[in-house]
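Have a look at these structures, which come just after this line.
Consider the two complexes below, in which chain A is the common component and chain B and chain C are the respective partners.
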Partner chain A sequence: MTRPTLNWRHVANGAGLVVILVLAGIVAHTTPNDEQQQAPIPVRGQLGETLSGRNIVATVDEVRIAESVEASNGWAGPTTGVWVVVDASVAARVDDLGVNLGYARLKVGDTTYSASTRPGTGSIADQFLTTGIPWTGPLMFELPGSLISGDAARSAELQLAVDSDPRADSLIVIPVDLYSLDVESTVSTERPVWGTR
Partner chain B sequence: MRPWLQRNRLGLAAVVVLLPATVGITFATQWGDYFGSRPSAPTTVASGDSADFAGAGWSVEGTRRVAAASAEAEQIGLPAGSDLLITTVRVVPDGSGDAPQCTVRLEEFDGGSVARTWGDAGYAAISYSPAEGTESYCAHDVDDPYLLETAFVVPSDTGDDLALALVVVSEIPRYLSLRL
Partner chain C sequence: MTSKPPVELGPWRQRARGLYDRLPTKWLITGVSAVLLGASALLGGLDDVPTPPTPQFEPGDRYEATQLTIQPESASLIDGFPEHGVTPAEGNRLLVVIATVENTWSDPVRIATGSTEPDSLVPVGIELAGEYRAPIDLIVFGDGTTVATVQPNVPVQVAYVWEVPAGSVADGDDVRFDVLDREYQGEARIYFGDRFSDFHVAGYVTFTVEDLGAGVSG
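Let's look at the complex of A and B:
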């Protein structure tokens, strides 16, 4: 009885099949899912740094916490919590057709707070933007007082984007340590200004 | 025994033809809809020339720039670091009684492609009044020729390679790019 001879062609076919299966597995496991495909594209930076996204240029200069706020337009914000006041400068980068600062949020732990629109013209929340000419002014976030003394406050994130939906678009992300900030009794904010500083 | 490539030449030829055709048709359909629904096909009009478009004749009559560091800029109340660019376009309706309504945007070019755009300063917080005898918007109820004046607040670093993008909804994706 003769021993069967090794058929190299069959071996090559088997090896080819294995290679194809491995490649298919890699493609299947690395292809972004729907959520990942539409996720905002983060542009990370620090306080004082000018950050540029697809159609946004933003600089956040200062973050303060206060028990009450007096806005430049006379609005005063009573709250049972605290106000996080962010001084920022924001412009559209390439196109200003219907573009506004529609997404200004503060993420603390798993909870996200939108910038308050209650101050009206005393804030740059929802402000319509111009290409290359920044709006500079405050954003006010109303938070529960207990939140800023928790661990999550150490790694809060300020998030800015044009329009109300940052999916598949740039999202400016700036880490903020709220825990280390002193709580002032009152903060008075500057009038929002259109133009370079 | 014939080589593998020769035995499978028909199948391989089909793959070579059908794969690019499938990708091409898919892309063409998707991108065709995308570009077809927005101003994406400019008709470029050189500075000083005129063009017939959407039932009217269009030509740039003049352009004026108010620099940031000027007394006029201060009077207008321009934001710091910005200029006011004022364009005047002569519009000659074709007399059919249905003059086109339009929107106008300013485009800045860099390397032959549009780099930045601005909408008109109609709602901007400045004190600028259009010149007498001009219209601020495309006049729908006018049969006689008129001057369309549009002002734009732009950063002072805006270059001189500019065009006025004139869009008439019924003509989309075509639009007029009047070089300044």
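Let's look at the complex of A and C:
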């Protein structure tokens, strides 16, 4: 039997096939999935910094923790946990038709907490926004007391977005170290105002 | 009637084929099915499947639902919560269940009121003033505000409120409340949030209703 001679065309075909498979693999593994395609677009910043997204401009001035809160409208909500009080200033940027602060979350570890609507007019949660003129006032988050002394509290994140669905839109993200904050017994909050204080 | 043509004697294969063609297949299939069905019926195949009884909880028991744990504590009848803006129509009264609710999910959980989809607790076997079995209000004990959302791992004492015609429930009546639950299906694709299915009664608790008259402040 004679040994078959090497057919360079076959070798080239094989190499071509391998190249195509590798390219297909790269495309398949790097295509963003549904979640990535629709994920909010984070706008990161620090406390005190004015952050601008597509249709949101927000400044978070102060974060406090208290066992009880007295809001400007007389509301004093008891809780079995603690209140994290965030003083913020939020405006719409390009359009204010039906636009509200519908997404205000505090993310600690894997758990997220929404701004309480129990204070009613004493808080700016769900507040309808105006273009260019901010609403300034508090947001109250109800958290379990044990959480703020845990490790996850060091790298908590405050997230703000317009409307209740932040997907494919700007999400203001501000890191907050809840662990380093002292727990006050009572915090009084100021009345939400239209404009800056 | 003509007689059947005589079967040609041929090789054995041809004869076997002839026998096979004359098999009464339909009758055989029907017969075998009838025998199988009959045997399964004899062995209890047509009996009703026993449904497991709905578990009964005692007042104060904690039930761990998919997103919330619910601990119903007591039921009472009052005239109204005027200080919280909850006043029934003329001739109606309020049936109130006090329960402690804790969110065991990793996100805030909305609890529904006044919708067609009752949540967590539903009274059974009594006449309600409204069209729906869902509570007309869910009030946080302590500040009297309406609960819209329960935050993770922060237990909250809640009053579930239903409006009932005055004669429908009286002091000392036993009223059954079903505890509802649902199964997690996964993330929704079209809208934003979680998807649930298989809404079911997880158990029930029976309370002896206490008539508190005008109401309690609280």
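Here is the rule we go by: the second predicted complex is superposed on the first by the 176 of 197 C-alpha atoms of A that agree within 3 Å, B and C clash if a C-alpha of one lies under 4 Å from a C-alpha of the other, contacts with A are read in each partner's own complex, and residues count from 1 in each chain.
FYI, a residue touches a chain if its C-beta (ideal position, glycine included) is under 8 Å from a C-beta of that chain, and two chains touch if they have at least 3 such contacts.
The model shown is predicted, which means the values in this text are computed figures rather than measured ones.
Q: After the superposition on A, what does A:155 contact: first (chain B), second (chain C), both or neither?
A: Touch status of A:155: no partner.
Q: A:120 in the overlay: touching chain B, chain C, both, or neither? Say first, second, both or neither.
A: Only chain C is touched by A:120; chain B is not.
Q: Examine A:144 and indicate which partner it touches, taking first as chain B and second as chain C; both and neither are also allowed.
A: In the superposed model, A:144 contacts chain C only, not chain B.
Q: When the two structures are overlaid on chain A, which partner does A:164 contact: first (chain B), second (chain C), both, or neither?
A: Once the two structures are laid over each other on A, A:164 reaches chain C alone.
Q: Could you say whether A:111 touches chain B, chain C, both of them, or neither, answering first, second, both or neither?
A: The second partner, chain C, only.
Q: Using the touch definition from the top, say if A:80 reaches chain B (first), chain C (second), both or neither.
A: In the superposed model, A:80 contacts chain C only, not chain B.
Q: Which chain makes contact with more of the residues of chain A, chain B or else chain C?
A: For chain A, the partner with the higher number of touched residues is C.
Q: Thinking of the overlay built on chain A, is A:194 touched by chain B (first), by chain C (second), by both, or by neither?
A: first
Q: Of all the chain A residues, which ones make contact with chain B and with chain C?
A: none
Q: Residue numbers of chain A touching chain C in their complex, please.
A: Contact set of chain A toward chain C: 34, 75-81, 110-114, 116-118, 120, 141-144, 147, 164-165, 167.
Q: Which positions of chain B touch chain A when the two form their complex?
A: 78-82, 105, 115-119, 124-125, 153-155, 157-158
Q: Which of the residues in chain A come into contact with chain B in the complex?
A: Checking each residue of chain A against chain B gives 93-97, 130-133, 193-197.
Q: Can you list the chain C residues touching chain A in their complex?
A: Within the complex, chain C contacts chain A at residues 106-108, 140, 142-143, 145, 147-149, 151-156, 189, 191-192.
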